[in-house]
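The letters A, B, C, D, E and F name the chains in turn, as written, and every chain counts its residues from 1.
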């Protein structure tokens, strides 16, 4: 019962996603002007050849800071969970 | 022409490996299939000429995610139970 | 003379798809690991060929990373199967 | 012209041995014999396809004096070396793990490892 | 200290190979050389305990490194070609006679036994399955055990190879 | 338990190679695909290789958990610190104060396709190094902690 229900839900979801995918205009985005600005001025302003790194670390630096914080928080979470699990291990972490 | 066939084959492999992750009851085999999914999606990114994403997918997906899955399976149970 | 690179890549990808049969059939997990290992090798080979097709050095680096790192996951699975983890 | 024929020959050897490896993976009866097919044949085939890439890069370097093609050849060589190295060690690890987990070679005439009690 | 410098020079070598063709000082630019030296120092500081764990510095002689490409291109590659033709024959005809045999070798160093095990895995219809840590005996899965070999308890290592005597080469390199 | 001698020896040999290759990816983040996150993941996989080849007790003698934790925090602090220095110089947060300045990483790049020079891009290499250090420490310590949970559960 449960299995057939899940299969039906998966099929419906697949039909839903493919209906969306049909309407997508892929490769023809709207004109925003931002990307042209990056490509034109990135090499001159930041002195970098790799525009992707320019966007990731300079124009969108805040996003990268947020990503780093997310990773840091995840690692802290794992460490806290296992430190609570291992009582005898606490002394070597000090 | 040949490029299109390569694309279609890689994407078919992606779909098959994703279905296999769902299908296997043995979680070790499921972890293997998800590792295979990572390999193929890295190849797909490579074909789409996105080497940044391909490198990070190869690093995280191929190496570390499988290792973390194996460690998690080792510390819990290997076979999935029917609920 | 026709361009020989794309047909070679196509055959390698077809071989990757054939490896799925052993992944599905394989009676023990070790057989499946062997199938995945084969897929790794074939993927690295096709990545090197594709890197030549695009004529970019930086694409070959991805293949090196891949060849070095897929080894680690193979070792983890082997250690688990051997009961040593 | 000679370089083109060398490239085609290397690619053909590589692809044929890769195909033999995969066919062996599908046909052989037990794990260890399958591993023979995959380890040796696919490593050899992949090294040969990489050699074809290196030959093509060197011939491109001699026709257009651009140093990036020689760099491409060097990186492809590193990839082939890494591939051969990791494949050998990885297949040893899988074989040892399989024997430890109790998978015995089925049509075997002799098994000294089991007699040694390991 | 020797381990530190050995790691430093090897990693600098790898870095210079990876960045070849970037500038005018030889093949490299000044900034690449500076960065290579700095990164290699960091690598040597981290990984100095790993490379020469056994405390055996025989491989510090750079002339021995020149023998390794000769070994790989010459006898090893011939054996690889023969082994692959053999595997191709067995894949097509399915004429197999597998078994696990025991092989003893006189190699003492870690590098020697490592090279022998990898050569065995890649060459003559055999895969290294296990290794005896004390006596360095290798347990080998052979796809086609020779007639009469299943009676012998221990084989010698050079009996496996037919074209070139690979263990003698490895002994020349590593010991 | 430790794996066999061949695997251990190859892990020893490959560790240095993976390390220098990861440093290469981190250092060339502003020239080639890759950068801090990818290179850090590569180096962390090198640490995972050492962890899998040896037993847990031997790994604790080689890799210190406290060192990795410190490394992760230091990476994040360095990343934010480089961004904060720009405020101290009287400009905005995340301003690239080293680009085109002529000092460290300060050479300028001509417009159009060119092969690239390492000594460019201002603060971007510093940020790449910071993120690389952080990701390396973080991912290595996740693996190490999960392994420690397993080996402690065995003893009880």
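Here is the rule we use: a contact is a pair of C-beta atoms (placed from the backbone, for glycine too) under 8 Å apart; a residue touches a chain by one contact, two chains touch by 3 or more.
Computed from a predicted model, the values in this text were never measured in an experiment.
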item: Partner chains shared by subunit C and subunit D (touch criterion as defined above); value: F
item: If a chain touches subunit A and subunit F alike, it appears here; value: none
item: Chain whose average C-alpha position is farthest from subunit D's own; value: A
item: Result of counting contacting C-beta pairs for E-F and B-C, higher pair; value: B-C
item: CA centroid of subunit B to CA centroid of subunit E, Å; value: 31
item: Whole-Å gap between the CA centroids of subunit C and subunit E; value: 22
item: Chain centre separation in whole Å, for subunit D relative to subunit A (CA means); value: 35
item: Euclidean distance of C-alpha centroids - subunit D vs subunit E, Å; value: 15
item: Touching two or more other chains - residue numbers and ranges from subunit A; value: 52
item: Residues of subunit F touching at least two other chains; value: 3-4, 6-7, 10, 14, 17, 21, 25, 32-35, 37-38, 42, 45, 48, 52, 115, 139, 142, 146, 149-150
item: Residues of subunit D whose C-beta touches two or more other chains; value: 35, 43, 68, 71, 75, 78, 85-86, 89, 91-93, 96
item: Pairwise chain contacts under the document criterion; value: A-F, B-C, B-F, C-D, C-F, D-E, D-F, E-F
item: Subunit F-touching residues of subunit C, taken from the complex the two chains share; value: 58, 61-62, 64-65, 68-69, 71-72, 75-76, 78-79, 84-85
item: Of subunit E, residues touching subunit D in the complex; value: 17-18, 20-21, 80-81, 83-84, 87-88, 90-92, 94, 96-102, 117-118, 121-123, 125, 127-130, 139, 141, 143, 145, 150, 153
item: Contacting residues of subunit A [partner subunit F, same complex]; value: 43-50, 52-54, 56-58, 61-62, 64-65, 67-69, 71-72, 74-75, 78-79, 82-83, 85-86, 88-89, 92-94
item: Touch list for subunit B against partner subunit F, complex; value: 51-52, 54-56, 59-60, 63-64, 67-68, 71-72, 74-75
item: Footprint of subunit C on subunit B - complex, ascending; value: 2-3, 5-6, 9-10, 12-13, 16-17, 20, 26, 28-29, 31-33, 35-36, 39-40, 42-43, 46-47, 49, 51, 54-55, 58-59, 62-63, 66-67, 70-71, 73-74
